[in-house]
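Below, chain A partners chain B and then partners chain C, in two separate complexes.
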Partner chain A sequence: MTLFIQQLFNGLALGGVYCLAAIGLTLVFGVLRIPNLAHGALYMLGAYITYFFLTTVGVPYIAAIGIAAIMLFIVGVGLERLVFHPLRNSPHTHHMIAAVGAMFFFQALAQAIWGADFRRMDTPITGELRILGAEISAQRIVIIVTAVIVLALLALFIKRSIHGQTIEAIEQDRVGASLVGINPSMVSMLTLGLSALLATIAAGLVAPINLLSPTMGDALNLKVFAIIILGGLGSLPGAIVGGFALAIAETMTATYISSAVGEAVAFIVLVAVLAIKPNGLFTKAVQR
Partner chain B sequence: MNSVSRSRRRRLSAAAVLGAIALTATACGGGGGSGEGDTVVIGYTGPLSGGGAAYGENVKIGLEMAIDDLNADGVEVDGNPVTLELKSLDDKYAPSTAASNAQRLADQDKAPVVVSPNAGAIKAIQQINSGRSNFLVSAYTSDPAIVQADNPLTMMIPPNFESYAEEFSETAMEHGGKKLALLGTQSEYGQQWTKSIKDAWSEAGGKIGGDNSVDYATVSDFAGPVSKALSEKPDAIFVGGPSQPTALIMEEARKQGFKGSFLVMDQAKLDEMATVTKLDNLKNSVGVLPVSEYEDPGTEDFLKKFAEKAGEKKVPTSETALNYQGIAIIAKAMEAAGTTDDPEKIREAISEALPDVDDKYKVNGFPDEITEQGHLLNPNLEATFLNEDGKYTKVPIEQVSDEK
Partner chain C sequence: MNAMKNPRIIGTTAVILLLGLTPLAFAQENYAMRVITVGMCAAIAVYGLNIILGFTGQLNLAQGGFFGIGAYGVGLLTTDYDWSFWAAFVVSVIGTAVIGYLCGLIALRTKDEYFAIFTMAIGFIIFLVISRWEPVTHAHSGVNNVKFPEGGGLVDFESPVAMFYLVFAILLICVYTTYAIRRSSVGRTLLTIRTSEDLADAIGVRVGFSKQLAFAASAVFGGVGGGLYATVVGFIGPDAASIDKTFEFLMFILVGGMGTVAGPLLGSMIVTFLFELFQDFQAYRFIVLGPIIVALVIFAPRGIVGYLGGFVDKRSRRRRAEAARGADDDLDSTGASTSGGAGDHRARNLADGIESGAGRTGGTPSSEETK
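For the complex of A and B:
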């Protein structure tokens, strides 16, 4: 039972990270209709910039994540302007190739600046909590709580604010939204910026329990694609449910079946969803 | 009209570019031959970008340091001074790319020796290095399959990893207990180690839990796999992959209350691990001896030069130190063979060159013989046990045969 509680919390923490990373990706898909393969690289860049402000500059942990998130927002906007916007009328393969190119560019950039070595980011949040006999580190509790708060704020932003509503409007009908005066180009920039910002928060949270390296985004990239396909491309609730479901499935199968199956479970789920319900759990996008 | 002239202009500029290239090529060829002494290219193909980049860079630093020192000392082959030059190509850890890189280095740059630090890549290179092309492969891998291949132009540098299993098991059992949990990495090499440890542990009369190996490169949070391994209540845990993630796993195990001993695979270096976690988390572990703990004649100077080159913070590892030794051996073998372009003769001369290598290049357990299959053997191989006081105590290792 202790093991189960322990793994449940480990799964929830992992789910929080998956969710924050997946939501950005699904938003970008909803608005720009492209699978942003550079998403993992933005996550990696976010982690490094957080590391830079925390360790090299010496600002407090939360502030470092905040500054890095804002910087990545700008990088996201730049990515949209310089890479995806000029390609908006080209076939879809061009976006994918451009995104892969951007991914390699960011990786090479990180390696040039910070080197290829793994780096460790220390967090001021230390200590363990005992919950029903299980030892849970405080950092994991922080991850779970922050993920919930950020997701709630995001939902509020999209449902209540004008700018957020424009994102949803464009997702639903690009032409219709333009007709009522929404500028799709602005919304595209906002969405990519937002997705990079969310990925940075995820990276900043998870970095202290893992390591930084220029390729740290690769594994996450695969997982978040599995999550948004599971949840339904472009669907916010899909990304949230998918993120937590996949993380818990992963930790539980690794615990009760074997680690090898735990690693593979994301892709088993992916294949199953594509075979049985190709539109994902929460069908929304992919109408056109 | 306009388009005709444009295409002609393009053709003209293409011809000009080609001409320029041809000119530079001849200029280079002329320069190489008439300079003072010859330049010999030492080829290197390794992962310089992607997930293995840190490893590939460590090897490269060792090669660069050796070549700088050798050139400063002066290498003389058959009465002529020779300048060594390193040429590195990135293979991103892919064996097929490594093989084509090696071919390119041998054919275009006339490299008599190509260094490769990855078993898969070396196996691919061994398909072409004596036949289609002709060059010596300086193999940095502890996988004995490399020498079992009976390739006439292979020099294997590190000790066979299978040598460690028995002594590691006995030491860990003595300081921990009989029950072992397996938590190594899922790479091919990690799995070979896991198997080797499993065999040695059961032979020593210990019990082994389920295989909890995880892929250190893709797991986002090690807490899950560690909790699972600890639920078996082990007395000792086998861990290992790259140093830094291994350190994180050990830290997590200590946090979750593990008090037993660790067996640390040779890929992870205890002193390098101490840069990402507290030394307290690493105590009671058996692993390979850190470079800085060696007492060879050249070790101290090597450490100083390494700190100058790579910075005080970076920990020198055996990837750097052993490849440093390796190039010095090759340079000496060239001198002994009296040739820089006949790999067979260079390979043959290694055994006679070993005693003549200058003491300054003996930094990390220097070999005194090379086996017929091309394995450099260090007579006093040692591992280490990091005790409760945080001190490295040496553990002598008896080397096993490379035969299957």
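For the complex of A and C:
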């Protein structure tokens, strides 16, 4: 039972990370109608920049994540301008190929600056909490709490603020939104920036429990895609439910069956779901 | 058009001849021969990608996985089970075909982005199985001493030149298959699907069946390329099946030109050369190559062969237009004797215009190269 509680919290912490990363990706899909295959690379870059500010520059943990998030927001905007905007009228295969090019670029850049070796990022948050006999590290509690706060703020931003509402408007009907004076280009930039920012928060939170490497984004990339496909491309609630469900399934199978199965469970579930419902579980009617 | 005068056929033949003659220049340099031969193995897999992505317009990101299955099939059967190369090769290719067909059954239920992500997941599962199933695949220690093909006393495949010509011969079969597919009704069916699936469905094309066939064929080419790769290199590790392989193939086909006959070969050779050029920088090469991929997709999505093809089309159209104008002048002076010819020219020009127009609205470099 203690092990179960322990793993449940581990799963929830991982789920928080997955959600933050998946929500950005699903937002980008909703607005730009493209699967951004470079998302995992943005996450990796966010982790390294957080590491740089925390360890090399020496600013506090929260500030390091904040600075990295703002920098990645700018990177995201640049990515939209330089890569996706020029391709907006191309067939969908071209976006994906270009995104792969961007992904390789980011990985090579990180490797050139920080090297290919694994790096450890020490967290200033230490200590453990005892919940029902299980010892949960404080870092995991911080991840869960931060993820919930960020998700709540994001929901507030999208539903209440003007800029957030433009995102939803473009998702629903691009032409209609431009008719009422919303600039689709601005919204695209905002969305990609936001997705990079969310990925960075996720990366900054999880970096102390995982190791950093230039390819750390690859596995996450595939898992996050599995999540948003499970939840239906473009669906926010789907991304949240899918993120937590997958993370808990992963930690539980890794604990009770084997770690290799835990790593593969995302894809096994993905294959099973797509074999039965080719358009995901919670797909909303998407206008094409 | 007379086949012997078609610039496209002349160009493709020239590229193949040039490649076929490289051993004359490099026969003494084993390293160079090996690099070119490995590049040709990749080119075979890229021809597979060409069928599913170039002709049918479906982004298949599992090609690296199928390449890995072919490579591991040959690698494991010739070492651990001590089969002969040829038996192992045939069995691995058939195995890849079966796995490809089964994957296609599920994968092709999905469309567009779902298809791309789904095939990426298939590729990753294949990679996971190969890199984790230690008792069978030896995981990270890889497979050593893969057998050379048996020459039956006639040829000694341990010589790099003999190996080169073996891969070259199989590559030629792939090039010819691609050429034949494009000229056949199967090729036109696939191109119709690329232009518009709904349209293809509406005019009675068996969309599902054709896509299934294209997917299985692309997997087979991947398996053939992988099997040859294993014997050429002699050692294979899990990275033979990694997702990076798929992305390399993508770059090859993009540089050469999607949906063309000579594109995959030309692209593979040029990018292999570039990789060698940047070899000192190893992993950093993508700092340069990454932006090149992006720039290619934005500014030159049709690839080298696509552009050359467009150039040839434009020239032949202009020549025909001039011929038609000349015929018009004749008509004015000499009366009705040549009217049939002029009308024919005009009709053909009109047809060209419609075809290239359709290509543009399809958003892909389509019908201009399909003639």
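One rule holds for everything that comes next: the second predicted complex is superposed on the first by the 285 of 288 C-alpha atoms of A that agree within 3 Å, B and C clash if a C-alpha of one lies under 4 Å from a C-alpha of the other, contacts with A are read in each partner's own complex, and residues count from 1 in each chain.
Throughout what follows, a contact is a pair of C-beta atoms (placed from the backbone, for glycine too) under 8 Å apart; a residue touches a chain by one contact, two chains touch by 3 or more.
This one's a predicted model, so the numbers in the text were calculated from it and none came from an experiment.
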Inset, instruction - After lining both complexes up on chain A, report clash or fit for chain B versus chain C. - result: clash
Inset, instruction - Considering only the touch criterion stated at the top, classify A:Gln111 as touching first (chain B), second (chain C), both, or neither. - result: both
Inset, instruction - In the overlay, answer first, second, both or neither for which of chain B and chain C A:Asp218 touches. - result: both
Inset, instruction - Name the contact category of A:Ala102: first (chain B only), second (chain C only), both, or neither. - result: second
Inset, instruction - Applying the touch criterion given at the start, work out whether A:Arg120 contacts chain B, chain C, both or neither, answering first, second, both or neither. - result: first
Inset, instruction - Could you say whether A:Glu263 touches chain B, chain C, both of them, or neither, answering first, second, both or neither? - result: both
Inset, instruction - Considering only the touch criterion stated at the top, classify A:Val83 as touching first (chain B), second (chain C), both, or neither. - result: second
Legend entry - Partner chain(s) touched by A:Asn183 [first = chain B, second = chain C, both, neither]: neither
Inset, instruction - Give the stretch of chain C that clashes with chain B in the superposition, choosing among 9-17, 27-35 or 243-251. - result: 27-35
Inset, instruction - Return the residues of chain A at which the contacts from chain B and from chain C coincide. - result: 107-108, 111, 116, 214, 218, 260, 263
Legend entry - chain B - residues contacting chain A, complex: 48-51, 53-54, 56-57, 186, 210-215, 217-225, 227-228, 231, 242-245, 248, 255-257, 275-277, 314
Legend entry - Contact footprint of chain C on chain A as seen in their complex: 29, 34-35, 82-83, 86-87, 89-94, 96-98, 100-109, 111-112, 116, 214, 218, 222, 225-226, 229, 233, 260, 263-264, 267-268, 270-271, 274-275, 278-280
Legend entry - Sites on chain A touched by chain B in the complex: 3, 6-7, 10-11, 13-14, 17, 107-108, 111, 115-118, 120, 128, 135, 137, 140, 206, 209-211, 213-215, 218-220, 250-251, 254-255, 258-260, 262-263
Inset, instruction - Name, in rising order, each residue of chain C that touches chain A in their complex. - result: 53, 57, 59, 106, 109-114, 116-118, 120-122, 124-125, 128, 132, 243, 247, 250, 254, 283-287, 289-294, 297-298, 301, 363-364
